[in-house]
Amino acid sequence: MRTESSNTQYTMQEVMVAVAARQIRDGEMVFVGMRLPLLAFAVAKRMHAPRAVGLFECGLMRDEPAPELLYTMSDPPNIAGAIWSTRMINLMGMLQQRAVQLGMIGGAEVDGFGNVNTSYIGSRQRPTVKLPGSGGAADIASLAGRFLIIMQHERRRFKERVDYITSPGFGEGGDWRRRVGLPGGGPAAIITTLGTLSFDPETKEAILASHHPGVTPDEVCRQTGWPLRISPAVHETTPPTEEELAIIRHYDPKGFWTRP
Amino acid sequence: MRTESSNTQYTMQEVMVAVAARQIRDGEMVFVGMRLPLLAFAVAKRMHAPRAVGLFECGLMRDEPAPELLYTMSDPPNIAGAIWSTRMINLMGMLQQRAVQLGMIGGAEVDGFGNVNTSYIGSRQRPTVKLPGSGGAADIASLAGRFLIIMQHERRRFKERVDYITSPGFGEGGDWRRRVGLPGGGPAAIITTLGTLSFDPETKEAILASHHPGVTPDEVCRQTGWPLRISPAVHETTPPTEEELAIIRHYDPKGFWTRP
Amino acid sequence: MMGKVMTMAQAIGRFVPDGCSVLMGAALESLIPFAAGHEIIRQRRRNLTLIGPISDILFDQLIGAGCASRVTAAWVGNVSAGLAHNYRRAAEANTPHRLDIEDHSNFTLSLALLAGGLGAPFIPTKTLLGTDLLPGSQSFQLSSEPDTGAPLVNVQAITPDVAILQVQRSDREGNAHCWGNLGVSEEGGLASRGVIIVAEEVVSREMILSDPNRVLLPSAKVVAVVHEPWGAHPSPVQGFYGRDHGFYEQYHLASRTSEGFEQWLKGWILDIEDRTGYLARLPKDRLNQLKPSQRRLAAPVDYGY
Amino acid sequence: MMGKVMTMAQAIGRFVPDGCSVLMGAALESLIPFAAGHEIIRQRRRNLTLIGPISDILFDQLIGAGCASRVTAAWVGNVSAGLAHNYRRAAEANTPHRLDIEDHSNFTLSLALLAGGLGAPFIPTKTLLGTDLLPGSQSFQLSSEPDTGAPLVNVQAITPDVAILQVQRSDREGNAHCWGNLGVSEEGGLASRGVIIVAEEVVSREMILSDPNRVLLPSAKVVAVVHEPWGAHPSPVQGFYGRDHGFYEQYHLASRTSEGFEQWLKGWILDIEDRTGYLARLPKDRLNQLKPSQRRLAAPVDYGY
């Protein structure tokens, strides 16, 4: 499922990795989640954020990406060469101390205020689908300076209101986070298989900021379960550069995470 | 200042070490304080409590006494060969978990309910003497299953009421500890340069249980700042045995702690 | 006096009774005590409360085998392959039976265990405010900062009956060295009433005491030491073996249906006597492939004086 | 860009301004950063808040030199020799000037720093109930368990401006190895806004990264790395030197009077330019006597895969 665009072939997962990587600023402390974020951290380090530091909730901190593909964050190549191998609570403590500028999480369902469900689809008592749960995602969403949501874009996943808030976005919008007492800044973007959504600074509604190459704004709206606002500045997502792709494929040569 | 008794010469500090050591039961976890308790732990391990474990608040746990005299608990011989070298809070956590059966503390002032002052003599605002403070003693007194107070016996130190409670004994007596919410069992004995005091199980008053060789009950009472009750079973303290003395002098050959 | 060193069957038989709460998978995706979990299944334990941050298919196996009536966790799934099918069936359809789920996040679970080890009733935090994990949960109490009135979540202490911790090496008393990401291994062990140490190697007391800062927790907590090489397979043990990713994938496929899981269970656990049998069933050369291709020794450290 | 490696004078000059709160002596009787404390005195810092569990004469020196207006500690004295004379003079007679004392126990100070590092407002405990440390203290709030009404003490978080931590070895970025009893080194470093690492040896990044479990805290916290051999003298550094007991005794005698202390201060700190001068003033052969007589190497650990 590769898309042709300009001269380069790439997958939507590769677009997502590149977009996520560009959100990492140099020198930032980044709480790196599973799967695509593992690659986004590596791309950012090699491209524009050489001084970024990655925190892995299993108890690791790295200032260099692991030299090979990680299937999980506790894989041996992630431990060897870490700058700190420690207890989970130390990293979570840094998150609550507001020392972590950026976190990345996945999700099964998201709504128009960036609230994420990874727990129960349907009722809690008798769910239609029992999802794995929070892991560290709810902590990242609660406490990180800002966070990215990285998801498959499908209408059934992009719901007006999620069945269950696992990882808090902007709740009911406006100043909800402040009212409930959440210290973190909330979601900065939803990076999907179709485009990138950002948030209205006032109302905290999700807004279509860019659509990926080969995808129209209309298609994005059709795959979204609420009337999605489109930014006046909406544009096509800058596709991954050759350099970005080279890094992604260096780390994931067989496309375990990027060629689903 | 040695005392002749039976055929053996020993100091009052050596008596105190032996008496304290005998309070350590086999298999117990013991929070070992500074100075004489360091020696008492070694004596107990060699004599009757081979399976006792010593906890040192600086962050060490040992199941063998250090091979040489310790001036402080962080001295290198106490670290090498420890069974755990860790953070202070882990040992304090075990104390609060009620996993520690016995602790030993010193003191500058004590009263008839076993409350210890190591903070302020006179008023807090303008003390006559500023003492060093709690260290870990208040924690041991609050949380250990039971604890020993090891002190110089002088009338100015044995006061009807201490100026300041640093390490809580039985407060005002009776069920005071329960009322204020302290989980530990309180003091088991005050081991002094003149004798040993235990506590009335009901009223929690200190009672003279034994007077050291060469000391009369009367002398103990004269050096105590309140009318000291004397146990009907009062007796002369069993002096340190040759074996106990040999161990003490093996660890403190120059009498740094035991020949003041 | 019987020592602490015993077989896995003895350790599980004596220290993991029906109805107890057991902490496993404390190091997250590494050092998962699969051999212990499999023995729990073989001994047909019932009504266990499983406690762990994430479990990467171990809890799924225990749930599918009917051992658990309650799970206290932040995440239950298959990290590299997807959802946990038995967990889903239990939550969605009470298959094989009803399962109570006490939802945590990784932070709150580690705070709960930290509180347990400190003997503190709770630790306050600001994580999870506004989320659906809070309402109706026994794990959390809403509170507020005395000064500012700002909302707080008081995370209640957890004190498991027993923790099963996989380590690289231990002496016969349970003085153990463990390295790599620690997750909640230390907090979990300290919070638990007893600890079963599962060790790749049983070594001398002298070796362990040569490096007391590497010791995981006090051996006074340890009730059993099980020498079980490859006891964490398919999860990795730094310095000993890597992660068997394919095994997770195969389990994911096999456990899609109850029937498929039953068959997997029979083949990999029930029809097998112990870990030796399990290892023998792995494809030839699999273990060799997982062994380290390179040594990476830690720089020397001198405790001399 | 200036790196993190700098002289002690530079580190204290830049990161320990007048009026700041500074954590020292985190490892209790070992690894006390005396060289850093002496430089603070030489630079005549004023109105510092000194934070540490016990300080074994370092705080006494800083108080006597007039650097501190506040002490937050569990114990201030001379562990092997007795009371702290300058501390007494300050508390009893406002000499050299008034000193505010915030009394802690070792447990509450470690809980306060733990809370600081966790970003938690407080941690509840049952220690100190009924004691005179509680009334009127800003460090503690009386509270009660929501369920049972049982009394609790909420220990308020402490977040020092800077922690000064002595370690055995560090790389140039502040990735540091530390061994021996840790006291509150980890909690204290994580709670502080910045950390000054004082290292016996500055070593390669590769050496530190060969053993990431031995790393004390994230180098992102470290603002300065000072290479200062013998920087902890007269306190011990495992593997490097033992404790100079006689030095503590001599200080105890010298500091009995204000005049005696002034003379000590002049001789050992003010009239000396830096640590090299201090070491040169020690009796011949003293350093040799304190050096380890035997190596005790930790057993090898393999991070290979």
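Chains: A, B, C and D, in written order; residue numbering restarts at 1 for each.
Just so it is clear, a residue touches a chain if its C-beta (ideal position, glycine included) is under 8 Å from a C-beta of that chain, and two chains touch if they have at least 3 such contacts.
Only a predicted model underlies this, so the values are computations on that prediction, with no experimental measurement involved.
Undergrad: Which neighbours do chain A and chain D have in common?
TA: C
Undergrad: Relative to chain C, which chain has the most distant C-alpha mean position?
TA: Measuring from the centre of chain C, the most distant chain centre belongs to B.
Undergrad: Could you let me know which interface, B-D or B-C, is made of more C-beta pairs in contact?
TA: B-D
Undergrad: In whole angstrom, how far does the Cα centroid of chain B sit from the Cα centroid of chain C?
TA: 41
Undergrad: Please report how many Å separate the Cα centroid of chain A from that of chain C, as a whole number.
TA: Computed value for the inter-centroid distance: 28 Å.
Undergrad: Taking the mean of the CA coordinates per chain, how far is chain A from chain B in Å?
TA: 58
Undergrad: If I count partner chains per residue in chain D, which residues reach a count of at least 2?
TA: Residue numbers touching two or more other chains: 111, 118-120, 125-126, 152, 179-180, 182, 186, 208, 213, 236, 238, 242, 292, 296, 303-305.
Undergrad: Spell out, as numbers or ranges, the residues of chain A touching 2 or more other chains.
TA: 60, 76, 79-80, 85-86, 89, 92, 95-96, 143, in rising order.
Undergrad: What pairs of chains are touching here?
TA: A-C, A-D, B-C, B-D, C-D
Undergrad: Mind pulling up the chain C residues that touch chain A in the complex?
TA: For this pair, the touching residues of chain C are 27-30, 53-54, 56, 73-77, 79-80, 83-84, 87-88, 90-92, 101, 103-108, 110-111, 114, 125-133, 150-152, 179-187, 235-236, 238, 242-243, 245, 292, 296.
Undergrad: Could you pull out which chain C residues touch chain B in their complex?
TA: Listed in rising order, the residues of chain C that touch chain B are 117-120, 175, 186, 190, 208-209, 212-213, 215, 217-220, 303-305.
Undergrad: In their complex, what parts of chain C are in touch with chain D?
TA: 111, 118-126, 141, 143, 145-146, 152, 154, 168, 177, 179-180, 182, 203, 207-208, 210-211, 213-214, 236, 238-239, 242, 292-305
Undergrad: Of all residues in chain A, which touch chain C in the complex?
TA: 34, 56-60, 71-76, 78-80, 85-89, 92, 95-96, 119, 124, 126-139, 142-143, 164-168, 171, 176-177, 180-183
Undergrad: In the complex formed with chain D, which residues of chain A make contact?
TA: Per the touch definition, chain A meets chain D at residues 29, 53, 60-61, 63, 76-77, 79-86, 89-90, 92-99, 143.
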